[in-house]
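Questions regarding the structure given below will be posed in turn.
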């Protein structure tokens, strides 16, 4: 039998956020998060790459139909985050700090439920060209 | 005499904004600007390319020292816009809609004053990889 | 009055083509176009950048609404060329050789008719990262 | 002893293809593969990254000479696929659907035979910037 | 008659250089050029884009055959500069400071002689992703 | 407990080098390393990506503060290699051939000592867009 194959789909969304730990006072938040703590928010063009790993279906040659994967990402991630304020518009970040690490894990949790359990899922999220994360590592 | 040479310096900043015409009601703003009108803001990784055109100095071979150009951009643009909310933190966009077109022109006006009048200045601003503007055209 | 501003929208399509001058014999076509003349076709991920130049509308701050520009490109270019064989599926290339130069001009002619005459239009077309064209120059 | 090191070489080729399962009727193929099933083909600029993993030779500091790796890719992959129609010109895809998953595996099988067995080989293949695969995962 | 079309070919070379004005003393050179004046040199991956503008030939649909343009660049630029030390290996930079501005102009002068006078030629040279130049402007 | 997360920081430096095994004669070095053996050196824009893997701190949501990671890279890598001649200015390459494989391992050894032992560290180094390495694999 052949080895498994991984397929990757890249999408993007634009969002505002601020880094802030609501259990800390303003001074501590500012000391730890610096300009990322601006109370008026800043924002990013987030680039998202979703990796799905498994055996290609012998009839289609697909691990997963990329149109389907793209639609799952649109429905469960982009419609939720694109052109939104992560802190104010998204309840999951009301108390969870929207660092790239936390956003990636939340996206993974949402997509993991939507994709066949026989397939592995991993998320890479670019906050900028120079800062990005992967979950699970 | 040789022709003129253009030099380009690329920098970036991350900011939040929303598109909104304060002289319109909320319904009109929403109809015209769609999800870009989200009252909680969204954001971008703005990529900025500044073009300076002139004759290279015969002693240095430079049209303008790129370290100087980079510092001018940092002082007059990045320190002003990076990790800021353009609508709330920047008085120039209190009444001027922060479209890419308007941001590019304002950046050009700030840099034009700082650069030798014998040199031409042009600004290219990427809001995303797929949407960008140039001023003056 | 401010200078004009240029706005750019980037889209892409994937197509098959072959280079061939139907008024030449096979030997001449092969000598001139080499492997690009393969009678079974080859293909590209074409990247298209459409530039529109004019004065921003004072109410919106837009030279042209990028959603509208994107939709015009989708309707008049992508729906026509994406996942097509330019030589076989597109009558305009039945006798016109689909070089990047000719494709760019045809795209420009289609878009020029759709966009306000007060605005200038220019097309840049990437056949590969290393080969691209602009019309009009 | 030091850990192993991976080296990567990126190459590209341009090809036409269509997705089609010859054991299905046209209606089923069209339902499953959509516009990718166009009988006249479409095409891509394929970007190929070959990863080779092992211990650097203590004399050269090379895991594998990149000139040699590049030549192996040219001889065994690019000369076979560049400016070709995968379905019509390449017998391996006469009955095997040329999805990115299948193309990557076939490329890996060809290169695996050419490279020292003490070195591991993996292939990443970009069909577009937004769709890519890796074999073995 | 149609407007002119521009075609672009991108190539690259890797070279060492230092910035230095031989008519100045070491202290002045160091003050003006900073770390770029390191007497042991540093280096870059130079990306070169050559733009050629004219009317496409009605028989081929080409402004210029990109294979020919690529070969001209290889013969007259890459063979001269790739994997070289610009200051030590290239007589044109024995007394001329190899800034990006000067390198671009010298490349343009070499290519201008090789290309049909009815076609316009322009050179863009990237020293890094963030610093680049164009000649003539 | 959640899985581990990886964070990545991308930086760059520009350096000169030549490939050479000092225990070989000039003829052998030239035969093995070709134009990379030019005694006058050549150079590259090296792109460096440092990957750090661990559990995000529950208070900050960070695996490691990216500002801290960026400063570590600047202090221990960029200040040492940027605008330098690796062979002449860096004692570690006096007898060790500065191939991408060896540079990546040396960078990893320097950074490994600076980063909390509970976190894993990996280095990816691009010598060009087409040639890059990872250590440890």
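A, B, C, D, E and F label the chains in the order they appear, each numbered from 1.
Here is the rule we go by: contacts are C-beta pairs under 8 Å (C-beta built on N, C-alpha and C of every residue); 3 or more make two chains touch, one makes a residue touch a chain.
Note that this is a predicted model, so its numbers are computed, not measured.
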{"item": "Partner chains that chain B and chain D have in common", "value": "A, C"}
{"item": "Least step count from chain B to chain E, where 1 means the two chains touch", "value": "1"}
{"item": "Proportion of interface numbers common to chain A and chain F (over half same, under half different)", "value": "different"}
{"item": "Chain separated most widely from chain E, comparing mean CA positions", "value": "A"}
{"item": "Taking each chain's C-alpha mean as its centre, the one farthest from chain B", "value": "D"}
{"item": "Separation of mean Cα positions, chain E and chain D [Å, integer]", "value": "34"}
{"item": "Distance between the centres, which are taken as Cα means, of chain E and chain C, whole angstrom", "value": "28"}
{"item": "Residues of chain D touching at least two other chains", "value": "129"}
{"item": "Pairwise chain contacts under the document criterion", "value": "A-B, A-D, A-F, B-C, B-E, C-D, C-E, D-F, E-F"}
{"item": "Chain D-touching residues of chain C, taken from the complex the two chains share", "value": "12, 14-17, 35-36, 38, 40-45, 82-85, 88-89, 128-129"}
{"item": "Chain F - residues contacting chain D, complex", "value": "19, 21, 24, 32-34, 96-102, 104-105, 129-137"}
{"item": "Sites on chain C touched by chain B in the complex", "value": "2-11, 53, 56, 59-63, 66-67, 120"}
